[in-house]
Every structure is written in structure tokens, then in C-alpha cells.
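Dropping the structures in below, format is C-alpha cells.
Next, two complexes with chain A in common: one pairs it with chain B, the other with chain C.
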Partner chain A sequence: MNNLLIKLTPAQWCTNSHIRTLLVMGGATMIAVLVAIVMIISFGVPVSEALEAFADGAWGSPYAIGASINRSLVFALVGIGFVLANRARLTNVGGEGQIAIGGIAATAMSLYGGCENLPYGLAYIVPMLCAALAGGVWGAIPGWLKARLGTNEVISTLLLSFIAIWLLYWCVQSVDLLRQPMTSGGTLPESLTIPETTQLPLLWPDSGLGIHLGLAITLVLGVVVAAVISRTRFGFSLRAVGYNPQAAKRAGVAITWTMVAALAIAGALGGLGGAIMLQGDQYSLKAGFSSGYGFDGLVVGLLARNSITGVFVAALLFGFMRSGGINMEMVAQIPAALVLVVQAIVILILAGSALWLSRKGEKV
Partner chain B sequence: MSMELLAIFAASSIRLAAPLIIASAGELISERAGVLNMSVEGMMLTGAFLGVAGASITGSAEWGLLIGVLGVIPLALLQAFLSVTLRANQIVTGIGINILALGATTLAYREMFGARSNAVIPGLDKWSPPLLRDVPLLGSEVLNQVWLFYLGLLVLLLCAVVMRRTALGISLNAVGVSPRAVDQSGLSVTWLRYGAVIFSGMMAAAAGCLLSIGNIHTFTEGMTNGMGYLAIAAIIFGNWKIGRTALACLLFGAASALQFQLPLLGIQVPTALLIMLPYLLAFIAVAGLMGRQTAPAALTQPYQR
Partner chain C sequence: MADQQDLPVPALSLQGIDKFFGTFQALANVTLSLFPGEVHCLLGENGAGKSTLCNVIFGVHQPDSGIMFRAGEAYKPSKPHDALTAGIAMVHQHFSLVDNASVLDNLLLGQSRGWIDYGQQQRRIENTLQGLGLSLDLQAKISALSVGERQRVEIVKCLLRDPSVLILDEPTAVLLPAEISALLTVCKRVADLGCAVVLVTHKLAEIQRIASRATVLQSGRVVMESAQPAQEIDSLVRAMIERPGQVNMPALTPVASIPQARRYALSDEVLQLNGLTVRDALGVTRLDNCTMVVNRGEIVAIAGVEGNGQSELGAVLAGMMPVSDGQVYVAGQEVTGASPQQITRAGVGIVPEDRHAVGCITDMSLTENLLLNHMNHYSRYGFLQRRKMRDQAQALVARFDIRAASIDVPFGGLSGGNQQKAVLARELTLESLVLLVAAQPTRGLDVGAVAAVYRHIQEARDRGVGVLLISSELDEVLAVADRVVVFYRGKIMGTSLCGQHDRRAIGAWMAGQAA
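The block that comes next holds the complex of A and B.
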């Protein structure tokens, strides 16, 4: 990379696609950080104090690091699904709802599905699989509608998200569904805590990091999806459907099946993300469970520009940013909404320069 | 259901539908011109905040409204610049602007009013049409709405006439179907689309003001809570026709009003289901169960000379 920079004149920089990507990413980050600093100052908080609070929350202790990484797993799962569906030019905006549906399924199975006493770790595996299945079905619906009726998947996945969020709300409000039994007037509208056997085991129990099995699962799934996208027949079908559905059909690709499968897999990954949130750190289902992580995951998928490695990088970035932002609100009284503004700036700059980035660069 | 309850139901249906009607009328113009302005949610929120901020600073709700409607223009220009000039993905830029608006209004509100403020802001007056004013229930309850709603209806009617009868309307329709033909006839695709996006932003901001300084006289963080997306769904429900879109908004409003009405009638339905109902109806409409939808041919497609 350094060689490349030296060999080229500034005018040529803008024609090389790698350098252009670097320029845009760097520029977006710099502008976002500048805006953040200006806003911190306008809140009357010393910048050093705010940054210290941010750093403490993001990576100040082993526990903070673990929490940031656990958080980024959900972003990564939704992001991986987004990238996969995006291969077929399908935009999955439904991560938020898929997380909610996964959370509902995992809670139901952990508490009332008889998973508590299953042997060999099945106690926590079965709820996760059910959550993935439920999320997959939830994701498959827009896929089928798109393939059969031409329904725009952006709007349908988005509307399904709102429906899922209120379904979850209903589940935790109603004693007949998942709400804990009412023992007093002060019983909170949330589910019981799931049994210990159904909670995800920690990877390094003695380290104080608190990182759970979800990390291993996410890494494996990331590698598998990357391989599926680039090396399998299905991955090829995805791209064919994305580029030209008519031609793909002539070439014998089953369009309906490919679209349904793409969005179903994305949904299943979102549902699994919900299960990991529940069984990994929240342990009980509450209203507002999905906490906007589905939208963060979508942004992670966008930023990754179709690369699974990119998903992991962006997910980690967002995980640390979220943790830091939360701590900044608690310690330095700067609203965590600051992180939203920073995210939005990055999204808008990247979206605006997408055309310039994808233009073919000169070979060097 | 007694007459009083029916009147309350009708009144709250209209009150809940009003912001949707205004926002979707603006959004419809933008979509007819070929730009899917997904940021209507964020623009409503921005308008709602600027309206409250303006009303609280000037002490007058009318000035607040003006500040809200004009203050959203830079945001609309940003959306137009990204999606028309830079030809970015309209859905992505829309979601980006929504996140920006949510973050920025939350920050600005905390900065101005503090974290847990219930400051009451001067609000817009209510009004009901002169001749019907004295009809019992109808005048005093159903049609007694914030005047901005009636102004919105007037603009909506104006839109319908302009789109159908004027050269401007024909050009706007054409630019959403065949921008190349419009370009070749010597009109500017860019200006038409910029204009349509700015108009939709101003209408969204007016709808936001109706929510904040019109209905509850204060601002709450993220108060639009998905209404912008419902406005977009209403357009699909209404098959990109102005009248039908407004009717769809009324239907969504009535569905939302049920959550207050059914408990009064002693009917026990989970609140969550009722809040979900408009989204469910919208989903059914979008899914094409209401007949085939025909979007403007060049919707979401950027134009390059």
C-alpha cells in the first residue's frame, strides 16, 4: 500500500479504487470525530474527560472489553446476513424484527420448551436453533413476496420489524404468553430469568472477560458464509439473480428459491443474534429488547461493502462505540445519541461516495 | 356505541391520521417525481423539534411552525444532493438521515431543555369550519381540529389540481416515469426532483409540527416513532393516487384510534396488537393483497444524462 502511494501522483490517487476507499473511509472517520468533539464541547464537558469516559466504557477493563465484543457479535451476525442477501441485490432492513423474533423463540424454548434438562449442551443449543428457525421463517416471508409478487423487500422487512417489536411487547405484557407470573403489583413486565443450563457458557471463565460461546459461533458462521458466497453454486446463483434475474432464469437458476433462501438465511442469522443477546447477557426478555441493534447491524453490513472481513471490523468498531457511548452518558452526561450522529455521518458519506468508489479504477 | 363515543372515535381517528395525511401528500409528490424519500420519518422529527424550539424561543406557535417548516430545508437539500446529484442509494441515504435526525434532535433537545423536561410550549389553536361549527358533536368534537390540519388539506387539494391540470404537474409526473424524455424536452430533471424533495421535506416538517406544537405541546425524543414509514406505506396502499393515499391514512388513523376506543367499550384486546394494527394493514397492502401496485416507473432510479 505504501509503495502504491509513493508511485502515484495525487491526481492518480483518485483513480485507484483501493486508495479511493481509504480516502473516503479516512475522511468520513475524521469528519465524524470532528463533529463529535464539537458537540462534546458544546455540551460544556472537557473533551479529555469525555474521551476518558468513552475509553473506560469501551476498553477500560477486561469486563468492558468483553462487553464490547459480546455486543459486536449481534451486529456481526446481522451484518453477515445483510451481505449475503445483498449479493442477490436484496436489502434486508428487518434485522431489528428478526432479533426480536429470535429473542421470543429463545425465551419460550428456554423457559417452557423443556430445554432446561437436556444433556450435552443441548439445553442452550436447542433454543438457539429454534430462534434461528423462527428468524429464518420471518425473513423468508419478504423473500417469497419479492419473488412472487415483486413486493419491495425494504418496505416489507421494515414493516415486519415494527410488527415483530410489538409482538415482543405483547409477549412480555401478557401473563398468558411470556410474562413472569404476577406475584405483586410491582411485578415487572418481563419474562422470568432463563435457567442457568440454557445460558451460553463463557469461553474463558477465569479471565474476567465475560466473552461467551457466541464469539466462536459468529466467527465460524462468518467463515462459512464467506465460503458459501464465493465458492459454491448457491453463492453463484445469488450473484446471478442480483445482476440479472431474467438471464439467471434462462440459465436455470431457481429465482424464487434463491431469493427466499437469501432472505431466510439473513433472517436466521438475525434470529440467532437475538438468541445470543438473550442467552449470552440479558437472560430475560424485556420490552425494547432489540435496542436498535438490528439497525446497527444493517449499517455494519453497508459499511462492509460486501466483505465478511469488513463486517467483523465494522461490528467491532460499533461494539466499542456503543459501549463507550453508554459510559459517556453515565459518567460525563453526554447523551449516547452522539453516537447516532457519528454513525449517520459515516453512513451518509459512504452512501454519497458509493458511485465514485465503485467506478473502475486504473490498473497500477 | 353511543353517539358521544362515536364522535370521540371519529375525532381521534382524524387527529391521529392528520400528520400522516400531510406527510404522505408531500412524500407522494416526491415519489411521483421518482425519488423515494425514505427520510420522511427524520424530517418529521426534525420539524417537530424545530417547531417546539422555535415556539419556545419566540413564544409563538405560529413562528415555531414557520421555523420548523423552513428549518428542515437544509436536511431536504442534503437528501436531494445525495440521491439526485450524487445518485446514491435512496433507501440508504433515507435511513442515514433518519438516524442523523434522531441523534441530532435528541442532543439538541437535551442541550436546550435538559434531560427530563416537561416544559409546556405554546401550541397551535384549534379550529372548525364556520357553518358546521354549531352542529352538536360534529362541530364541537369531530371537526374541532388544529387549524394546521385544514391548511394541510388545502395544500393536498392544491397538489391534486396541480398534478392533474398544470404543466408543472405533468412535468413532475413525467420525471418519475421517463426522466430521459423530460430531459430531452429541455426541462431540468435535477431541478424538478430537488423541488419535489424539498416540498416533501416541508410537508413532513409541517406534519411533525402538528404532532409536537399541535397535539401535545411539547417534544419527546424519537416522538415520530415510525409514523414516517407509515406515511410511505399509505402511499403504496393508495397505489400512488392522492385521494386513495389520504383515505389509507384515515384508515391507519382509525386503526390507531381503536387502542383508546376499545377499552372504553369494555372490549379487552392487548394494546400491543392495536398499536401493531396499522403496520399490519400496511404490510398486507404492501404485500399486494390489495391488488397489484403500480409504482412510478423510474421510482428510486437516479438519472444520468
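The block that comes next holds the complex of A and C.
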């Protein structure tokens, strides 16, 4: 990217779509940060203290950086799935539920699926695969409903999300399902901690970064999906179905299968995101497990404007902001919700500028 | 002009109306008078300007030049509301009814303000209905009504405004025969009450039955006016479909004048329709027991006034519409109700009637569109072979003379002629091509592109491909086809052989008369 910046004249910056996207994103973030500073002042907290807390939490230590990156993985996975489904003009709003379903599946497999003693890393791989499968089924249902009955997938993925979230709640409330055995009145409504063998190994165990295998998995999947989208016949079919289903049907594309597959893959990536959250940092399933990450992932996908690179950039941005916000709340007593406000402003500015540029007959 | 003094004051008269959409002239110097008490049929093929004319009268479009008079006063509607206020009502092809509301509510919609006295309104509506000899269940929900009944609601909605001009835009296109008959009766009765009724149609039987006058539009011009349409059906048909300036299409004449030597035995059937019957979603019979064959190396044209089952035949053969009865065989293999993919595999190339909706994906590149339905040849292990695609696209662009800045430009940026050449290129290069179904392949193309399209079709025929050409351009059809089959109301009316084409007979068949 640096090379590109040097090679192009300022006039070209504005016409090169990658750079323009970055410029717009950067500008939006700056405006949002200014608004945040105004709000911090109105809370009566010294700005320097708040920002220091934010920076500490986001990138102040190797551990903080690792935590921010780990956090961004889920956003990235949901975002990648969103971009893929969006190629077929399908909008997957169900990331939240797909994460929850993935979390349930991964927990169940890790604790009770007999994965604990599997060799060669299968102990953590099998739960992840099952989570992806479960999320895939959860995504395939709206795909099938859309292809066969014309049900709007925005609504069906969202409604299935609510079902999944309450299913997770039920799982952690009932000892017959995933709740840990009740030993006292104080036993929390959450699952047992999963066995160590089912937890994701760290990539650089001695560095203190705490970044786990999920990063490698996410990067590989990002590259794979980018290749699928641009270089395979399936990616071609996705675009054909998205642009003109009638013509795609005439050309022999199996519309139903393509739609089901697109949303199933998006769902599988969401489910995998749930497994990575569980097996990578949380280690036990709690109510509120998905904590809005699915919706943030959706926004990441939207902001990325159909580019997998864009997904990674936006996911990192969101990951660092989340981490910083949490620390700001703990240290400087500023509600972490401030970060959500900043995110919302970023989204509004980006969406607005996209609309503005498309009105001018261009694309961001 | 002299006899116009004997006529009453026109309810509406148009003088020298021009209407442009961009550079396209939709109406050219249209002059037309509508008199109280007449049913005036407006005829013309698709794109002849009928709907534009109606929309100009109804205030949806404003003319670029020309003037209109309503009952002797200047009339310049800037929106449909102005037309309604002036006593001009229109029933559109697509209904504007609220499905979940009752008939009564729909009838009162937009016609009442503030307090609604349902009892009084209902009596008023019932009076109107009685005057027309119509019956309607006012409490029924629209969603429970048949298409014919819904249309009746639309008409009554218009009549409640007591209009002096009532425009019906292709009202019979969606109706069953019995409903058509009832509608025509209503039209007659409305006219008898002193209203000028404009009926847009291209069905000749209807004209024969109720038209008091008829006007034929072609390319936005009035090409014929008839005061006794029932007696002049033949000339009306000819005026609708003949292109005076294009009878001798220079590009087509030389090819057509070469005698067609038959290179293949008649038994080489590539397409066989056996009692093919198609009913649409509403149960209307669109194709009625059609039996015909297309042989190797011949061009068989389906001619007819539009809306007589040609579109449905094209859709069925493309695998985009279900068959109700009968069988379809391609080269001896049954493909009745087969999927588009199976049909492609059976060796049928399809040039669809609606290029933009079915034939191409305008947002994808020229290359991708050129290879759309043979992607299986351009992928290995699921990965696209971009270089192979590019080479093939380049070859097709050269061979079919497709003019584009590059093979990667979006398809939507190409001109209509080049788009159609690309669609043809794709369909004609199918691996096992035995049959080409080309529906309205020259619609909207300029003369040069038309010639190119037919040259490619004829080349395919000479290679031994059977061609089914569905076209409403009679002159083109007569110039290139070896046989012409005429459709009327989904039935085959007659077949004309090359060299023996009798325009009069074909015209009669198109009008639904056995010759």
C-alpha cells in the first residue's frame, strides 16, 4: 500500500478506489475520534487520561495487542462470510446467531463429544469443524427459504439469530444441557471450562502476545474465500445469480443450490468464529457469549465493500477499538459504550460517503 | 375535412403530437380525434407507441410539441390528476388495487374526502353498476377476485368519475375468452352512454367485434385510419406489420433470392412438438395443441401478431416455462419440462426474446457473457481458466464482428446490435448445437445489425442446424424462412412454404381466418 501511495500523484489518489476507500475510512475515524473526545470532556474525565487508558487497552502491551487481534478474528470471519454471500446479493444478518450456534456446538463437542483425547490436534480441530457445520446448517436454512419460497433472507437470518441466542441461553441455564453441575447455590449459569487439549494453541507461546491459532485459520480462510470469489466457477455463479437470476437460470446455474451454498458458507464462517472465540479465549460458554460480535462482523462486511482486504482492515479497526474501549471503562470509568458511539459515527460517515460518491456516478 | 363538419365535437383531439425519449422518437406528428360514443381501437406492434400515446393523453408524459383539445378547449395535463379532473380516465395494464381491502374501499379510494357516507356511496356505485349491467360483490376482498373481476373493479373505479374519455391499455391481454367477451360488452355499453372509449389492442377479433374506428400506429406514426375496421381487417394487419421503407432489405434480398436447395432429408427432425399445450399461471391457454417439426438445415419461422403464443413457445423451449400437456423432442430425445441446463445439453441454442432479462447479465463482462452457459468448458477442478476464456472470447469477438472497446468491458455498455451478436455467438457455438431457437432476434436493432444476425442464422442453417425463428417482423420472416408457421391464439393456423408465400393467406391466418 505504501508503494502505491508513493507512485501515485495526489490527483490519482482520489481516483484510485483502494486509496480513496482508505482516505474516506481514515477521515471518518478522525471525525469520530473528535466527537469521542468532546464526549469524554463532557464526562469530566481528563482527555489525556482517557486516551491513555484506551491506548493501553488497545496496543499498550504485547498482551493488549494480542487480545485486540484475537478479538478482531471473529469480526473478520463473519465479515468474510458476509462478503461472499453478498456476491450473490444475499445479505447475511445472522452472524450473531451463527456465532452462538458455533459456540454451542464447539462447547458440546469439547466437553462431551469425546474430543478431549484425540491425537494430532484433532482435539481442537473436531469441535471447530462441528461448529462450522452447525453454523452452516443455520445459514443454509434461510438460503433454502429464499430460493424456494422467496423469503427475504435479511428477516430470516435475523430471526434465526434470536432463536440461536435463546437456545444458547437455554443451554447454559439447564444442567441437562451444557450448564456445569450445580455444586452450590452460587454456581454460575455457564458451562464447565473446556479441557486444555481442546483449547487453541498459541502461535508464539513465548512472546506474551497470546495470539492463538485462530489468526492463521482466519488468514488462510480469507485467502481461500478471496480466491473462490474471483477465480472459481462457484464465484462466477454467485455473481451471475446476484446480478440476474433469470439469466443465470437460463445459463444453467442451479439457483437454489447456489443460494443455499452461499448462505451456508457464510453461516459456517460465523459458526467457526464462535468456536474460535470459545476455544481461543473464553474457554467456557456463558449467556451473552456472542455479545454483539456478529452484528459488528456484519458491519465489518458492509464497510469492506466486497473486498476481503477491506474486511481485514475493518476487523482490526473494530478489534482494537473494542479492546481500548473496555480498558477505558475499567481504568477511566468512561462507559465502553462510547466505543459503540464512535463505531456508529464511523459507519454513518462511511455509508453516507458511499451514497454520496455513488450519486456522483462513482464507487468508493 | 369536409365530412368532419358532420361529426360532433370531438371529446378529445390531438394535433401533431411529438414525443422524444432522449434521441428516440416515440411519437411523430400524431393527429387523432376521439368522438363521444365510439369505441376507438388503437393498434400497433410492441413499441409502436401505443402506450406512450395513452400516457400522453393521461398526463403521465408531456408531449414535446403538438396540442390537445378537450371538448374544444386547450388541454395540457401535467399529471394524471389533471387528466382525471378533465374527465379522462385510464385503466392501466397493471392494476392499481389494494389487495387487502374490499371492492367498495378500492372504489372509493381517492374519490372521497373526510367523512365517508358508506350507505350513500354504495347506492351510487350500485346505480352505476346497474347502468352498465355489471355485477360486483362490493364487500369481497380484491385478493379473492379473479383477474377479470379485478379489471372490472378498475373500470368501475374509472367510470365513477363519470369520464368523457376512457382509455383501456391492452385490457384483454390477461383475460380468459369469456371474460374478454364480457369486457367488450361493457366497452360497448360505456360508449353507448356517450363516452369515448379507447381500446389498445393487437387482437383483431376484438376489433372486428366492437371497433367503430381504428388507428394503426407504427414506429410512433399514424400509418392507417379506418372508419370501418371490421371490413378492413386485412389492411389493418398489413399496416401493422409492414415496413414500407424496408420491404427490400438490401442485406437480405440477395441471400433470399438464392433458391434453397434442401440438403437434408425431411426425416432429420431436430425439433418435434407433439400436441404442445401451455396454460399460464392464471389458467389461460397460451399454446393450444401445437404439433409441428423443424428439420435439420431449415429455418422455420413462427409468424403472427404478437401475443398469440409466440413468447410462451420461446419460453417453453428455453426451459423457463412449464408444459401443461404434450411433448417436446429435440433430435429424438424428449425434453418436455427439462431444465434450461438439460436443454442446453441436448444441443438447443436459445436467443431469448427479452435479451436483458434472460439473455445476458449486463453487469458482467463481455467475456463472461459470451461463455455464460458453457462455463463447464472453462473451468478445471472448479477454477476458472481465465486464459482459455479470454482466447475463446477474442475468437468469438473476431468471428462475429462484435464491436467493443475490449473483451472485459461490462456487457451493458455495448450497443443493442453488438449485444445481440454476442448472444448469438454464445448460442451458436454450443458444442452439440442441433437447434437454434431465436425469438425476436432483430428487435430494436439497426439495419446493419439485422443483416448480420440473419447472416449468422443462415450460416448455422447451412451447417445443418435447425432454426426456429420466432418473429413478428413479417418481411424479415418471408425473406429468410424456408417455412412460415402462423400462430393465432396459441393455435397453428397454417403453414406457408418457401417460394410459395402468399401474403394474403398469411395475413388472413394472422387475423384468425382460415384461408
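Keep this in mind: the second predicted complex is superposed on the first by the 328 of 364 C-alpha atoms of A that agree within 3 Å, B and C clash if a C-alpha of one lies under 4 Å from a C-alpha of the other, contacts with A are read in each partner's own complex, and residues count from 1 in each chain.
FYI, a residue touches a chain if its C-beta (ideal position, glycine included) is under 8 Å from a C-beta of that chain, and two chains touch if they have at least 3 such contacts.
None of the values given here were measured: they were computed from a predicted structure.
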Q: For A:232, select first, second, both or neither according to whether it touches chain B, chain C, the two together, or no partner.
A: second
Q: Considering only the touch criterion stated at the top, classify A:156 as touching first (chain B), second (chain C), both, or neither.
A: first
Q: Could you tell me if A:345 is touching chain B, chain C, both of them or neither one (first, second, both, neither)?
A: first
Q: Pick one for A:291: touches chain B only (first), chain C only (second), both, or neither.
A: neither
Q) Is chain A touched at more residues by chain B or by chain C? A) B
Q) Given the touch rule stated above, what does A:307 touch, chain B (first), chain C (second), both, or neither? A) neither
**Q.** Which of chain B and chain C A:248 touches, first, second, both or neither
**A.** second
(Q) For the complex, give me every residue of chain B touching chain A. (A) 38, 78, 81-82, 86-89, 91-93, 95-97, 99-100, 102-104, 106-107, 110-111, 115, 221, 226, 229, 232-233, 236, 270-273, 275-276, 279-280, 282-283, 286-288
Q | Complex contacts: residues of chain A adjacent to chain B | A | 39, 42-43, 91, 93, 145, 149-152, 154-156, 158-160, 162-163, 166-167, 169-170, 173-174, 295, 298-299, 302, 335, 337-345, 347-348, 351-355
Q) Which residues, counting only chain A, touch chain C once they are in their complex? A) 231-237, 239-240, 243-244, 246-252, 254
Q: Spell out the residues on chain C that touch chain A in their complex, using ranges where they run on.
A: 318-320, 339-341, 344, 350, 352, 357-364, 368, 372-373, 375-376, 379, 382-384, 386
